[in-house]
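Two complexes, one shared chain (subunit A), two partners (subunit B, subunit C).
Here is the complex of A and B:
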């Protein structure tokens, strides 16, 4: 393996507008005075820090808003060739039309700034934000940006009042699959009308809420499989970007087990549910994932065949940042190649950079 | 407590006895017709039992989710688990179970706390009168004290009422109560169970009040049946740990029934890592979350996860310190009944198998090493 092929790809980092109100100026006139929930707002305050201390901006801009900082702290410090940018939305806004307007504003902002003026080296890739509960608008937004060379996937919130296998969402996933765009699911960690983040309501601590956020991806994943989504859309890939691959893996065994006795109900599901993972599902690795012991960490991935499914991400500028060097130290040489960059390169069609050429 | 009954069992050892090798931690007797339960309930609540209960999935309609051969022929109700003779024959004789921990079959809670308390109370009286006394001449049934979690004073009273009964060996509630069980409103109940030396079992709920997903309803039976219990148990477990319940009640044992187990190791890893950075929020914790879980939580096997490589399950058991935290269960008479002869993967080996099939439950529930052979 040449050093070039081992270049890191950061599959999920979060650029943020300089000021919380910046996107309002891009909204249609009737929504400009809309009060948007702040980024990382919601029920709990992180008792320690929402953002990496070094991501804070001297001039009062939001963390993650300064191009020079993000370049230095993501691309340079992680020695990454590319960073895939996933701007977060603000949770499920009460009026879905405001959510649609915010999606459009976010995509225009991302195209002008991070995929435009900040992207002279062509090392950023972006995500098209859509609202799946407004499927017609979501399909139109995908069509609007799909040919833009900087957008490589479609981004939707983890938060939903309906699991993502529901047929109402199928046109959105179809539009993404037809364009060869993966769909990334990431929590907005924001307020809005979604309600509690756990099956049993609002937890009492941030520690519980934060720990369980990623686990909600399981219900979306099982729903997508149960409804036959991947059978209908063989080119579709879902990327679950909140972490938790270890938790999801153990519960997919259970989904497999119940599918064996319950498959009469879903005759269109042709494979064991876990059999869809390698072809259709990717998990972004988070700092809280996996075994604490490095040997056990790599072994779990190996034993469960997860190597093709995992993508490294910095999660910059959030507090739960994962350092590429830290992940590298937990992986076998083969896993390093695929998980730190190879898998993302294939998924997003990224070229191999001649390192040191710039 | 259980000592009395065990002493009674031991006295018969003089005649003829066999070693105890198989304990079933989750089997479900049912009343033979509604009247059998209603006789223990105040009349004002009888109308609640009229509500027909159904599962909104096509699949579960088949035989009400029960083993086809477990449905009795002699009762008007016809509910699986209601025929004591069939129950005894299939579980004690055919499956060869030495002791059975019984959990009442119907699993949803009633939203009104006073009605829920009346129903739990009736369930306990019924279980004591029928399954722990009338049908228990062999002394091989043990019971679970069902508790109304949204009615803490009634729940504690119910614990007081039954704690000295020799055959009730644990407290029990369904898992569908919200908020999760680390909320301080529940603490008097857990404290009372802990002080009386009773383990606390959580069993999944059944329709119409079930554990939901965090992102919308389950569409298919297998989605619900595979995810509802483990994801709700995840919330309960995180809640009990993070809010200091295990710190304040170090002797409390909580048994997570019918929800699998390997996910709990992933949860413990996440909690440990996140706690390391968020300690400031939960100053009451003096141990890492995984240490409380290791010390105070147990699991029943049915339905254990079945990874394609069975070694993966054994490895997780070892890493989570789980060899003495897992107890065999059949879930008789339900359709996904686990046969003790085939339930565990061969990869487990004899020592671990013995631990799971018998020893952990025997110690937790204070069961004897031998039992009398049926006359």
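Here is the complex of A and C:
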């Protein structure tokens, strides 16, 4: 495989603290006695392996926590110029203020470590973690980091008790949009006080929970469209980072069709709903998405005009890691340019690196 | 009552056609719906451009709209009472004034001028005085046979 003229951008990679208690130790003293859920696992942990075997560390640190490993396995192995880091939170903690304190601790940790001492080549970008259900704190946290050159987006949990189009969240999305920061939505894969992950309650197996994770993204997206969020905030982009572009397409067919009949309920939606996707919506490509046959895979993307909406991501260090070379083999040449790096470059304002200079 | 011209077809005497009512007429094999909204008349081909449903048998309604202002929850507003027709098959709304689908996307229905014989030449949309005992016509010129 010849290297891409422009290198790959890994749009979603998860740096993990070395030890589960590291972030807890960074909380203000009054919150430090809180027992936080573990960083990954929750109720529906993968029974075989949560993490990529090679991401494991010998010294007892958590997978995805070692700077040399992550550099080698993400930037070098994927031939990636940049990795966009999305640290995960711990789900919706019972007390939102504990979640807010954890967001702050996570952002300080990321700025000091991965966007600081581990970022000597300036090839990592970060995400500002906020809790949308504490909107005032979320707006303040965005303002706190927005001028830091390493942070390129705002990160929120997929888990929520209210869909993200609800006007109660508008100040948070507005704060992001005003600063040109996309909002990335990713599951915390954790316990917490959010509702059941399917409309019919709690799945009994990991297989069910895992394959239905992206349904929540669809609920958020339909809500964002229905409430006119993208009409109000023309600069807002949402990035759904748990995959599901194949689900997206069948959803948007229905939303388009039913909007023609039900327009009067949502009269502020003044373009065909699928028309918002290219301007406002990105889906990170996930190992679980779509048809396995490369020809059918590329054709599905082509047929549905999804090329401008998709971003490659490794999902490192999780077990369902997607290798850039594997995705490249599934795409047409034009799709490779945009999906493996071009779309993310535009979205996050990343420069073109001089290839072979390092 | 003057004689209809070659392209003008009599629908009803004005006095028999009160506001808020409609007439479905069969003209040269085409079904056409004629609507009186206040003192305005609209004539539409009774065939939805979507899947051919009997559009003019649908409910008439008003225009629901909204501007996204500073309020977090936008308010719905109501206007154009009676000038929106909703297809009975899939509820697509059309604006009787323009013939266009309210949702846009360049979907439109065929629309015909409606005249009364005592008014000035021109569509009744611009005719302001209703004259007793006049007659309502549909002009089929745009139908081209």
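Operating definition for what follows: the second predicted complex is superposed on the first by the 353 of 358 C-alpha atoms of A that agree within 3 Å, B and C clash if a C-alpha of one lies under 4 Å from a C-alpha of the other, contacts with A are read in each partner's own complex, and residues count from 1 in each chain.
Everything below uses one rule, namely that contacts are C-beta pairs under 8 Å (C-beta built on N, C-alpha and C of every residue); 3 or more make two chains touch, one makes a residue touch a chain.
Computed from a prediction, not measured in an experiment: that's the story for all the values here.
Undergrad: Is A:271 touching the first partner subunit B, the second partner subunit C, both, or neither of them?
TA: second
Undergrad: Between subunit B and subunit C, whom does A:228 touch in the aligned arrangement: first, second, both, or neither?
TA: second
Undergrad: Given the touch rule stated above, what does A:261 touch, subunit B (first), subunit C (second), both, or neither?
TA: Touch status of A:261: both partners.
Undergrad: Residues of subunit A touched by subunit B versus by subunit C: which partner has the larger set?
TA: Looking at subunit A, the partner in contact with more of its residues is B.
Undergrad: Between subunit B (first) and subunit C (second), which, if any, makes contact with A:253: first, second, both or neither?
TA: Only subunit B is touched by A:253; subunit C is not.
Undergrad: Does subunit B (first) or subunit C (second) touch A:162, or do both, or does neither?
TA: Only subunit B is touched by A:162; subunit C is not.
Undergrad: Could you pull out which residues of subunit A sit against subunit B in one structure and against subunit C in the other?
TA: 259, 261-265
Undergrad: Which positions of subunit A touch subunit C when the two form their complex?
TA: 167-168, 170, 228, 231-232, 259-265, 267-268, 270-272
Undergrad: Could you list, by residue number, the parts of subunit B that touch subunit A in their complex?
TA: Touching subunit A from subunit B are residues 57-59, 177-180, 182-183, 211-223, 225-228, 230-232, 234-236, 238-239, 242-243, 260, 262-263, 265-267, 269-275, 277-278, 280-282, 303, 305-309, 311-312, 315-316, 319, 335-336.
Undergrad: Quick check on the complex: what are the subunit A residues that touch subunit B?
TA: Subunit A reaches subunit B through residues 46-48, 158-166, 196-208, 210-212, 214-216, 218-220, 222-223, 226-227, 244, 246-247, 249-251, 253-259, 261-266, 274, 287-292, 296, 299, 303-304, 319-320.
Undergrad: Quick one: which bits of subunit C touch subunit A in the complex? Just the residue numbers, please.
TA: Its residues touching subunit A are 50, 61, 64-68, 72-74, 76, 90-93, 101-105.
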